[in-house]
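In what comes next, chain A is part of two complexes: it sits with chain B in the first one and with chain C in the second one.
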Partner chain A sequence: MSENYRNNFLKEVEERVEEGHWVKMCMQCGVCAGSCPLGPHWAHPPQEIFMMIRAGKREEVLTSDSMWMCTSCYNCVVRCPRKLPITHIMHGLANLAYRLGLSPKNQTTQKFASMFWNNLAQTGRVNELKLSLGMYFKDGFAQGIKNAMAMQSVGLGMVKAKRLNPMELFGGHGIKDKSGFHAMLKKAREIEDRRKNFA
Partner chain B sequence: MAKKTYSFYPGCSSQTKASSDNYLKSTNSMCKYLDIELKEIPDWNCCGASIGYAEGGELPRITLSARNMALSEQHNPGMDLVATCAACWLSTREAKERIAHSAQTLTEANTALAEAGLTYKGNQAARHMAEVLVEDFGFDELKRGVKKPLQGIKFAGYVGCQTNRPFGLAGESFENPKYLDNLVEAMGGEAVPYDQKVTCCGGALAFSEPEKSQKQIKDIIESAYDHGAEMIVTPCPLCQANVEIYQGEVNKRFGTKFNIPVTYYSQLITVAYGGTAAEAALDGQLIRATRLEEIAKK
Partner chain C sequence: MTEVIATNQTILVVGGGISGMTAALEAAECGKNVVLVEKNPALGGRVSQLYRYFPKLCHPICGLEINLRRLKQNPRIRVLTMAEVTEITGGEGDYTATVRLAPRFVNENCTACGECGKVVDAEVPDEFNYNLSKVKAAYLPHKMAHPQRYVIDPSIIGTADADKAKAACKYGAIDLDMKEESIQLKAGAVVWATGWKPYDAAKIQPYGYDRFSNVITSVEFERLADIHGPTKGKILRPSDGKEAKNIAFIQCAGSRDENHLRHCSRICCMASLKQTSYVREAYGDEGKSTIYYIDIRAIDRFEDFYQKVQKDKTVTFIKSKVAKAVQDEKTGDVVLHGVNTEGYHRYATPHDLVVLAVGMEPSVKGVNLPAEIVSDSSGFIEADPSNHAFFGAGCASNPLDVNRAVQSATASALRAIQVVNRVARVEGQ
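Right, the complex of A and B next:
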């Protein structure tokens, strides 16, 4: 399926990326490039990514970890003279890269984003303790212990202030209509996959 | 004033014993003083926040918010939907606008919702609690309830991103929104001007990319200190958590000696209205807000 897009990355972005149809509206003014809080860590700021898309640099864009540096701060969105929903295009590109298996390996924000989603998709609500433990142990057990030790003061403080419930590990928060919820998400995913040619 | 009733979306982080437990408790106290009734949306789900994108994609994320809105329309008809979490508010309002702009998205969301026996109509506004205070009450009205002014306390009002961009509160600028400062002053406190009011704290990346994002938190706190603030106040549970709990880490990384309390506007209002430290959930702070505790004790 992806073969059809090889020669027209802009078309692929328009069809498969959230709000991707906006990319052609970019006038390369550069305003967004200076807006990202983690700016120095973006190999290619949004402006450059839009240029690369139009130049058909599919591999370079999708394998970049730039989009994963987006903090969803919406600085760019309120500043862009062409009103591009840049935040969502970055999320959409990251999602496409991830779905195609092209996103950089061991990208921590990608791991966290997946964990977050899987956590909520299971029970309908986020279980913060499982989420944070999952994150500490994503690099394996030894590194996990190290990470957990480093964050211990934070974690214990949160338990003492009654803002983290250790019992969450054994159940914790969740919604009642889990079967309806799961069916709903499954259906939404099916529709999206069909529309974006992932099916 | 007559009792006001809203359909309430607390969000994951504000559940009992979750990271913003103190936000929920103090919001409930604040609402008691303001004669606001919050009717929780039955069986609400997580909105997916901004970070849900990698695994969740587009329609599943919109559908998450549509489910909450559908439940709200069905069980709490005729009310506005109100969220306390900035990210919850943003996701909900964004989903609402996406659906409003696209008949296809509406059909698709409702096809998915049908699996859970629900239908989304789109007949309720999606609002943040700060909007309720500012627009449905107003600063003069809010001032009237003050019993113990927060006199002499200097606050840095930290608005952050998602209660400010892309929607923000009506009539406010993105660069220098004033509502939080005005709330502080209505409660008798002093709002110091400082230049990091709308700086991003790193959001979810404070957790997944601590090395890269802790500079954000440092810049915010440093500027607050430099401008004489002794406390930070925010309208967002993630801002609160990031700026409060990582201070130790930031101190280690940058050799700073930060130890500044980070509170919610709902805690300020509760204390100013004569509430106890327990009602304001001041015991939920990792860095104690001693000045507020003293006023609450008086």
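Right, the complex of A and C next:
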């Protein structure tokens, strides 16, 4: 099945990426690429990504770090003359790349996204302390200490302002019906897998 | 009271631009009675405000002059100026139009001698120059205006200026007691030729038309190049009057954009190509034009024109919809930001002056038309059977160049003639 898709990447994007059916509407005007504040820092701006999809450049698109760089500022969306939901397509593409195991390893946004998800999926609540510590230490212990030291005053400020509870490190709070929550997530995943052909 | 004889065998032409004039002439020269209603004080519409016109780069006045001569010779056309159609009711063979006549304060005796203009002190924004300059409050709309008759601006009525003007007129042409009137006209068929207006450039936020003095529109640029324009034909930029030699043209400014006008305005690519020749004419090899475009749409035989401009070394084409414009407060230059889609190169390029190739919006908005009139999603009147004897002509029906506008006007005149012929047969029985 997936072999068929590979011959037609646009079709795959239309079927498996959120809002992917919009890609064909792009008229390559370039306004999104010129408007993106992150533009100078990515391999391919959105307009180029859309052209690459239509040219069938599957590997190049899915292994690129470009869509992971999107900060959801929506500059592109408000200016696109064809009203493409560019931000959503970027996130959809990132998600597809991740699910296929093609996304670049050690890409910071991607790491953060998986950490965030795992953190949330455990207890039904985001444990911000564990999440930020996890982020600090993602590149090893020594770098983690460095990062934590650099952010020390911010962290202490947040504790003082009661925005961060140090006790969260030991377990942390969660929702009431955790097993119900896990069952719900499992069901949602099944539905999505069926819809996007990930069985 | 203005007397107009019109019956349901009369053809009403609304709008006295090139399309309306053409439709009126074609119908009248076929023996039909026509009332031509124009909102402005003079005929000619937007064409009279162009400096040159493509493809041959001739004077727009040439084409208008021939039409004016035909018009003056034809007793079957009744022209009403400063007259705006605000409502149309009824149906085929039996329309009633409401026309609002604004007072000109000057009657038929006027010889356009200009004495009144000399004695008046007050000045008003010159609409003919898109308000880029001022005129005396007693003025001729423009040099070639038809009718050649002055207008007294209502703002000076009741002031000493008005009395001075009246005293200066040797021909008894000034009548300060004129009042606004509303009249109703009968017509068997209506040719709707109200044309277009430039899209409101201030709505295109990233280009800063409302914030940056050196960002102007293409229609304003036509006036800058014209000897009768605000700069006497010199291409100078508004902020400091410096010669603007490095000029950017931004295509599709408001057109082909779901946030603004959905349609391609069809003439603006040609208009910018044409306007590069104004830059060349003014500055020779020292001038520099840069056209930022999505794709150049030089429709059918205009391709030649495009190729000629491409060969001009002073003209550069950049395939990119500009993302934003920023005016440097110190230098007055406008820096354009975006990505050149041929190679994905980022640019931040300064220009002396930026011209927005604004789109065409149909002027028909805001008029009370019969409910069944069918127009497309942009407001252009469709050729639809349910419009009965109400025919769109020229830019009221589509974004068109002069040549195509005239063809469309002739077609609508023929249709209107068929309708009044039918009415005549029925009434003859």
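We adopt the following convention: the second predicted complex is superposed on the first by the 197 of 199 C-alpha atoms of A that agree within 3 Å, B and C clash if a C-alpha of one lies under 4 Å from a C-alpha of the other, contacts with A are read in each partner's own complex, and residues count from 1 in each chain.
Criterion: a residue touches a chain if its C-beta (ideal position, glycine included) is under 8 Å from a C-beta of that chain, and two chains touch if they have at least 3 such contacts.
As the structure is a prediction and not an experimental result, all values here were calculated from the model.
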- Clash or fit: how do chain B and chain C relate after the overlay on chain A? fit
- Message: Counting residues of chain A touched by each partner, does chain B or chain C come out ahead?
- Response: B
- Message: In the overlaid three-chain picture, which partner chain does A:8 touch, first (chain B) or second (chain C), both, or neither?
- Response: neither
- Check whether A:81 is in contact with chain B, with chain C, with both or with neither, and answer first, second, both or neither. second
- Which of chain B and chain C A:92 touches, first, second, both or neither: first
- In the superposed arrangement the C-alpha centres of chain B and chain C open, at the centre of chain A, an angle in degrees to the nearest 10 of 70
- Message: So in the superposed three-chain picture, is A:197 touching just chain B, just chain C, both, or none of them (first/second/both/neither)?
- Response: neither
- Is A:39 touching the first partner chain B, the second partner chain C, both, or neither of them? second
- Query: After superposition on the shared chain, which partner residues are touched by A:48: those of chain B (first), chain C (second), both, or neither?
  - Reply: second
- Message: Applying the document's definition of touch, where does A:63 land relative to chain B and chain C: first, second, both, or neither?
- Response: neither
- Query: First (chain B), second (chain C), both or neither: which does A:108 touch?
  - Reply: first
- Task: Look across chain B and chain C in the superposition and give the shortest C-alpha distance you find, in Å.
- Result: 7
- Note on the structure: Going through chain A, the residues touched by chain B and also by chain C turn out to be 78
- State the interface residues of chain A toward chain C in the complex, per the touch definition above. 27-31, 33-35, 39-40, 44-45, 47-48, 78-79, 81-83
- Interface residues, chain B side, partner chain A - complex: 12-13, 15, 17-22, 43-46, 48-60, 62-64, 67, 108-109, 111-118, 161-162, 165-166, 174, 199-200, 202-205, 207-209, 212-213, 216, 245-246, 248-249, 283-286
- Enumerate the contact residues on chain A facing chain B in the complex. 18, 37-38, 41, 69, 71-75, 77-78, 87, 91-92, 94-95, 98-99, 108-114, 116-118, 120-121, 124-126, 128, 132, 135, 153-154, 157-158, 161-165, 167-168, 173, 175-177, 180-181, 183-189, 191-192, 195
- Query: Within the complex, which stretch of chain C touches chain A?
  - Reply: 206, 252, 256-260, 294, 319-324, 337-341, 344, 346
